[in-house]
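Two complexes follow with chain A in common, the first pairing it with chain B and the second with chain C.
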Partner chain A sequence: MRDVSIIGIGQTSVGEHWDRSLRHLAYDALAAAMRDAKLERADALYVGNMLSGEISGQAHLGSLIADFAGLRGMEAIKVEAACASAAAAFRQAYIGVASGLQDIVIALGVEKMTDDVGSRLTAGLASAADADYEVIHGITFVALNALIMQRYLYEYNVTREDFAGFAINAHANGAGNPNAMFQRPISKKAFMKSGMVADPIGLLDASPMADGAAAVVLCPTDQAREFTDNAIRVKGSAVATDSLSIHDRRDPLWLQAAQDSAQRAYRQAEVTPEDIDFFELHDAFTIMAALSLEASGFAERGQGTRLACDGEITLEGKIPITTRGGLKARGHPVGATGLYQIVEATQQLRDEAGDNQIANARLGMTQNIGGSGATIVTHIFERVS
Partner chain B sequence: MTIEIARHWRLKSQRYQLVGEVCPKCSNKMFPPRDVCPECADDSAQPDFKFSGRGEVYSHTTVHNPPDGYQEMAPYTVALVKLEEGPLITAQLTDVANDAVKIGLPVEMVTRKLSTQGDEGLIVYGYKFRPQLATA
Partner chain C sequence: MRDVSIIGIGQTSVGEHWDRSLRHLAYDALAAAMRDAKLERADALYVGNMLSGEISGQAHLGSLIADFAGLRGMEAIKVEAACASAAAAFRQAYIGVASGLQDIVIALGVEKMTDDVGSRLTAGLASAADADYEVIHGITFVALNALIMQRYLYEYNVTREDFAGFAINAHANGAGNPNAMFQRPISKKAFMKSGMVADPIGLLDASPMADGAAAVVLCPTDQAREFTDNAIRVKGSAVATDSLSIHDRRDPLWLQAAQDSAQRAYRQAEVTPEDIDFFELHDAFTIMAALSLEASGFAERGQGTRLACDGEITLEGKIPITTRGGLKARGHPVGATGLYQIVEATQQLRDEAGDNQIANARLGMTQNIGGSGATIVTHIFERVS
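And then the complex of A and B:
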């Protein structure tokens, strides 16, 4: 198996891009990543996306985007794993290069959510859950997370307020990210006063839906020098699955797929959680940030919110998370999010994170969660020089 | 869309009677039914197992922004119910005020309208749970 590195990154800003269609957003990110790597061609393209069929009436994104980007003829397919689609696409690109079958590969995540609004978009997002046994009961994506959070509050005797630190930290970091949807800090008072979306989840527990696209270019590490002086190594890569529905899990408060994928990534990278300098986790809702920290080995079971309360998740803390705003403030274009995380981790490791730069960052981890935890993708990246 | 009728019809014994399965090898009781036992991976023929429909609320929330097909019921409470035989099941609660629901509330299965689907207004019926009625 070959060692693999990231040699180019690109992204659009996250927000409501009323004047840009799905293919334009995809091209903007892809072209930026190729310019960054000084490339004119590639061997393959993996497109992460969840909702193009439902929202834009557009399937078959591999061919659409390759052709639109002037790369007609290239191998290109779409990868779908709900909100984990983009990191799953990255994983396929990694496998392509590591296996030796492909040399220069682009992983792209794109989501165009504002082509539809309201109840149809809500229904589309819910399709990440079990259609016959969850969605038929009128469940929404927020409701699934609320069911987990409600039980978490009961089981571990914590309160809504204990989750405030996750949202406050994300917004503080979003203020330093020019591509973030929300670039203003929020107060604890605002968090506590925000209206209920699905109790106990308030508006400021939840990440916003948005349009966006992000892309990276991968190649074998021993060829990376031909393209760049600041290649970032992929040191660990893993995908794990769990039951699609919450009710089928032995413990609905434990992200087994996060534990499994994180442990596999740690083993491959030969590191432990103590070695990780920062963690781009999947804070679609504040409860997911707590569960992700616990299952990935950064906190004991039921103690995830302590890290937020104790300030350990800030840029200066023991384990900085959502360093560019996370899903909460950067925004959550669902099928593109996993690649925003990877682009942001690359920025940190290249010393290109501006106001949000973590001093001496050497090892970064990303974790992208699909559905209520049914597909979880974990990656570990390392600064090469 | 008329074509959706078969999709709901084939689940009638689950939707109307809570018919699941019991694994002949490890006795794991399953709802929904599945072809392979998640506990022991046994895939031998599994006899039908009818759940009693009694259980208690494991977790709950209220939906204010419903998906297509559920607007007329909003706001409504959805729950994870722990059935007395063991499994968790996702369902709406009914015959109870949203703010009166607590974790641990004893509930029982009833048949209700789940949603109205498509332009033709196909009505889908199935299980919901209500607070257990006191037995005489």
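And then the complex of A and C:
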């Protein structure tokens, strides 16, 4: 197997792109990543997307986007794992290069959610959960997460207020990210006063639906110097799964797939959580941030919110998270989110994170969660130069 | 890169499975393939599927099926390339094993179309075409193929009757396949009298919608002997793409992605079309069989129907096709079809094709087409023992 590095990144701003279609958003991110890598061709394209069939009546995005980007004929395929689709696409791109079969590979995540913000979107998001065992009872995706959060409050004797730090930190960091959907800090008072979406999840616990696309270019590490002086090495890569249904899990408050994929990534990278300089986690809801920190080894069981309360998740803290706004403030275009995380981790490791830069960042981790935890993809990246 | 072989195959019968859900069909095929390989675990699962989001309200099939099959936790992902989804999943499984990252890998294709046979299914199938450039005008997927066939009749001065041989051969072979949806031969008279679906495509030019699942298990060739004495080697593997829109292609009567992927597979396998003993092609409509034969090098441009008229595509002919019924008679559960083709090719190369057995088959080719030709996946398989 070959060692693999990122040599180019690209993204669109995250928001309501009424003037850009799905293929245009994809093109914008892909072209930016190609320009960044100073490339005009590639061997393969892996597209992460969740909802284009339901929302835009468009399947077959691999060929569609390859063609629209002027790369007609190339190998191109779509990968789907609900909200973890983009990191799953990155994983396939990584395997393609590592195998020796493909040299220059693009991983792209794209989602166009605002073409339908009515019932099809709510139903589409619920398709990440188990249609026959969960959704058939009428539950929405946010309500499923609310059940988990309610249980967390009960088991660990914490309050809604203990989750405020996750949202406040995300919005504070979003203020420094010109591509974020929300670029204004929020106060604890605003958090506590925000309307309830699905008790106990309030509006400021939840990430916003959005349009967006992000892309990276990968190549073998030993060829990376031909293209760039600041290649970022993929040091760990892992996917793990769990049951879609929450009731089927041994413990609804433990993200087993986060633990499994993080442990595999740590082993491959030969590092421990203490070595990680920052962690782009999947804060679709604040409860997911807490559970991700616990299962990935950054906090004891039931102690995830402590890190938020103690300020350990800020840019200057022990384990900075959502350093460019996270899903909460950057926005959550579901099938693109995993690649936004990877683009942002690359920016940190290249010293290109502007106001959000973490000093001396050498090792960054990303974690993309599909459904309420049924697919979890963890990657570890390293600055080489 | 490692050499890769198939060590297990499984399939459900193709048809209207009112008593089995999507996950049950997937399980049936997966478990059969695992039994065939005498395995109880695997490193990864790649699921091909096109329509579960639209038809069954269920995304996230990788984790869902891994969990339902008793393999919770394993790496699992869904791959989609319209009707070429299953061969695309096989391609990813092949890359996973070739890379050295995964040893025992399952590729599975599953489709449950009969849960909705109304407008959502017609719209879902049309999502293989270009939503903004083609489908917005109201055209269905069969109508798109009818435009191509109409042009073929005009350009090459052939008649509808010249396509009869494709359907007659498929149904004759389906009669020998206990898993085929249609197991009765048809006459030329029946073909000519069958009702028109979209002029000039008649009912017996078109493959039927169906439910079904098919799976294979792959491992490195040098480990295959631990599991089986009749491993089948993957000798060539390639994906190529084209524009989704037919009007955007240089020549609407030429499947450029079939030519590109077939040529790459021939080069990798170091063979020519003359070496191929049989060809499981993608006869979603008879016109696609003709175009596939031409672009893959078995017939000159405009001469594809000649092979059907001259009997060269039958089990005893120069290039047997659809040897177990093809899409026309075995049935076309869209996101599963590519793996039915690969399972059937494996049966031929193992001498397990029963009444349909081709004598001394050593090299078989499969070709799975997404949309009207925008993703085409070609594989070449070899009997080793």
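In the analysis below, the second predicted complex is superposed on the first by the 385 of 385 C-alpha atoms of A that agree within 3 Å, B and C clash if a C-alpha of one lies under 4 Å from a C-alpha of the other, contacts with A are read in each partner's own complex, and residues count from 1 in each chain.
The rule is simple: a contact is a pair of C-beta atoms (placed from the backbone, for glycine too) under 8 Å apart; a residue touches a chain by one contact, two chains touch by 3 or more.
Only a predicted model underlies this, so the values are computations on that prediction, with no experimental measurement involved.
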First (chain B), second (chain C), both or neither touched by A:Ala26: neither
Partner chain(s) touched by A:Ala123 [first = chain B, second = chain C, both, neither]: both
First (chain B), second (chain C), both or neither touched by A:Val197: first
Between chain B and chain C, more extensive residue contact with chain A: C
Contacts of A:Ile321 with chain B and chain C, given as first, second, both or neither: neither
Which superposed partner A:Gly100 touches (first chain B, second chain C, both, neither): second
Which of chain B and chain C A:Leu339 touches, first, second, both or neither: neither
Touched partner set for A:Glu54, first chain B, second chain C, both or neither: second
Chain B/chain C common contact set on chain A: 123, 126, 130, 132, 135, 243, 248
Chain C residues within the chain A interface of the complex: 1, 21, 23, 50-51, 53-54, 56-64, 66-67, 72-82, 88, 91-92, 95-96, 98-101, 123-124, 126-132, 135, 238-244, 248, 256-257, 260, 370-371, 374-375
Touch list for chain A against partner chain B, complex: 119-120, 122-123, 126, 130, 132-140, 142-143, 146-148, 150-151, 154, 196-201, 243, 245-248, 252
Chain B residues within the chain A interface of the complex: 7, 11, 32, 38, 58-71, 73, 76, 78-80, 87-92, 103, 114-115, 124, 126, 128
